[in-house]
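Which chain is which? They are A, B, C and D, in the order written, and residues in each are numbered from 1.
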């Protein structure tokens, strides 16, 4: 049993810890956290071991600690670093010193690990790797639907990303009522996709919107040859982590996607799949489509697979993906 | 085994059907639905029997029906009517004709049944009743925290209800950016509370806000005698369906309450409990407090208890409540 | 003096009436309105003649009428129809019968008039026309920045339109928290642009966002030849109704654009200009840019110019535009 | 002519500067600003003198300065300090050294000046004062409608303040979708009201809502004697800076109030008046009402009056108010 520690227990960390706890080939050694807040209390109630360097504050709030962050590292074979953007990279030397493997999230730069991960596209690259990085929610969404299309062949991709401005619980962040273009064109997402699919010709721009639920992405893909709606949908249909949804079925927007996710009643209402509207456009070799990305959870199964790859539990990506999907009820 | 049918499969209906499916003393005979949309598909995937009078449209969309709405009635001992406000009352004659019991939701008038239900306050009133009505989400919230205070005694209550303007999935409704007072003072909620607690002196006003997550209620209670924070919190502490939360713990707003609810990972991230901030004010006999109401789910356990009361499965409210809470992991 | 009547006194009607009242070559004969609400009261306070077929209700609310809608038609040389989408087309026979000219807004179909108007692009087409139609806010925005680029030459345009879901005062409309793709691709805007620029190769898609302030448009233009940022900005710089704004100057989003507009303190804080971020991308012949459209007001100067063209007061578009811009302080 | 300098040129500073520029007994010596952003450009276009200690950055952005902040102080008889909360108090020693008078905004503590200002309630207190402070937008709203009621007599006031979470241009601030109670009960507003009306018995609580337009306040007032709707409305009717609005007239929410304000087309669409819904409740001596406060502008006329009082231009508050209201078209 691989011992997995989760460092940072916010939006992603809590979900990764929960997902780890559902696997039969790994166990959660514990989670590390700075603040003794309601999230810490729930972790305790869940029976998770809590580690922190904030010993006095946790004591004052009556939350029991198992040990320090350093102790979590020595109690773990691999750490999933879910600390805030920028903090994660500073933890690298700790992990090096402790001799444990580590996975970072997409908030950190590719250069930190020189290795980025997506289960469908490059699982085997991270086999036995000491350090790797799961790409961001938006990049994961892009790779999930674009990688399958390489079966047909991709000449070029243009992506317009309408980003949720804040997660539901990030209540200090706005805007409450505005649309904000990212005037640095192209946005950084294109380059981030190429850390996974190095030869892909892709341009992206990003816009921030007053919503918390999901990112919405609009993609225009110049395929290598003429195709058809049926062919494209059939290609995507092979992949569990893509959920084809339909406006005609009443799923008209990101709120409906999340309503659908809640109705599946898998742990907290998350939407691990990328939701692609099946009302796609295909004209000759030109494909256009919309997809929605649940920024809080789409990377969760990727982290589980990255653990398996790096720790060498599963040599085949497809086998790991199958296990992960089954445990999280993805594609059921 | 009591056979429970759910008529109407939207925000409340889906949650009640799911909750029924978790009980060991009742079974879900099926759900009735008009539109063959994504909710119907998920019901089918859940293995629920689907009934509809919209036979052709369901057939066209490839969703199998068990029968008509009338057939659901004859296949059920009791119907939970979760159809839209105003539609419910028109169904009464159908239920009368079919000879089944029926529960309506708070969107319908008290006069429809002359009997309203809250598990803590008046469970026994609905014992063996043919027809009853679970009061609305806001009223359920008010009764949940006020009824326990009758142990101390209540002289008078003033409530200011800041209502979420739309449910998350009601994406056609606004406002996107406004606050709207209900200028009919007092609002109807005060009278609705008195359908459960007939002698309570209470005034309420309501304001609509641009949010989808929860209602926020501010209550000022003139108690019958001097009290203290400790006494009030201790009284509330006896009740599972009240969750004391704390700003000091990081739960600063309704988004944090829902984040906390998701983290408990009970079926879809619902918050069945009324969240009361434990930062209350008590000055002499004057108590002030804030509480948040998850309008999509707080009435769900009430419906389950109402089924037990009306079908006579449990004579004691406390026993029914215990069963319901255990099945839904309330108060864990 | 041309006598101008405004039929419909909502978001657009009020602004057109106000703009008409500022011109020295036309006078506002009056406005027609159905509801005796606060807008009617303000019209009365402004000294505008009010016409309605709702005589009794206006009387009951104490607002004086000048006459019926039919009387407004006979008191006017030209009517600007600002009634709600769909209602406008039904008014055509009234205008035909009354013998007055009429302008419709972009909510109506091009087929109603077989003639659509934009001051920069096709002023002369509407000279002496009996009926014409000012294209919608979004289309006006597209034409305003694309028409000048024909100086360089346009091969093809791709537009992604992130639309405000409701106007600030349309408080019944949502969504409060969602992004909604228009899955009919391409959206109708492309065709609408071609009612003005018939030979333009353009594709558009649209997404609805939870905001009320402005539409945000992202445009990718394949120019006929290589160009440069400087050349493109210089071309646009000749046009008053384009306002080049800058993220570097602190105008980072649509809320800042509207803040800037308020600070100009022209009648109510409107933004008649299309705001183009000067942080554009030009790579070879490929131009990318963001622009924001104030849906409540960008068509107002267009309506004024359309009046002049149709009534033959000014034969030259440039002369009319100059008058209009000066009266509304556009480009000051 | 009194020379007025405005230090800080954000939401309030820009409006005060504009209002000063409309008075015939004062002149705007200039405005001081840190950032050479779009607001600075508009100030320059308006012909205002700009002062800053950020000489190099202004030069780099091509915006001409008149001098340093210190020079603005020496060029001014009185400074209106509109710098961000907390910064203002640190400026006191500068103003003391420069020998000029100064007015602060409600973000600063009463203790800074030991003198707070509202034109209706205590104009004469600030006559010839060296330093004074205009109370905050919320407090100004409370005092405006409560002070007139002292004519009838007030026993006690309970106020529930639903605050806009951010100004329209404060796009970094959230929450996008939440309601947040201020669990420090009572909120600080009650005490702030007493800096103006020292003997008033008032309690307040505050809630933050996902909106940018206006604060909404709900007030319950125990009057000294029985009264009637007519009497209360008549009392308020004497005061220009209270605008009685009506749900029956179609003004149903804060967005409609701002729509109405725009329609008056006074400099940028501001709502200087407190909007009180005339659908009030009066039962015996108990008065209940809703009012909306435009946080960006209601204090603007107060600042103008405070200048007159402090500089001794007008000894009578009523005379100053009349001048101010006429210049800003308040109560027209």
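Everything that follows uses one rule, which is that a contact is a pair of C-beta atoms (placed from the backbone, for glycine too) under 8 Å apart; a residue touches a chain by one contact, two chains touch by 3 or more.
These numbers come from a predicted model, not from an experiment.
Chain pairs B-D and B-C differ in how many C-beta pairs are in contact, and the one with more is B-D.
The greatest centre-to-centre gap from chain B, using C-alpha centroids, is found for C.
Measuring from the averaged C-alpha position of chain A to that of chain B gives a distance of 34 Å.
Distance from the chain B centre to the chain C centre is 46 Å, each centre being the mean of its Cα atoms. Here the CA centre of chain B is 42 Å from the CA centre of chain D. Across the assembly, chain C contributes 168, 171, 175-178, 180, 210-213, 252-253, 255-256 as residues in contact with two or more other chains. Chain D makes touch with chain B in their complex at residues 158, 160, 162, 164, 175, 177-181, 183-186, 205, 207-214, 216, 218, 220, 247, 252-256, 277, 279, 281, 288, 290, 292.
In the complex of the two chains, the chain C residues touching chain B come out as 165-166, 168, 170-178, 180, 210-212.
On chain D, the positions that touch chain C within their shared complex are 14, 18, 35, 37-39, 41-42, 45, 61, 168-169, 171, 176-177, 212-213, 245-246, 249-253, 255-256, 258-260, 262-265, 267-269, 332.
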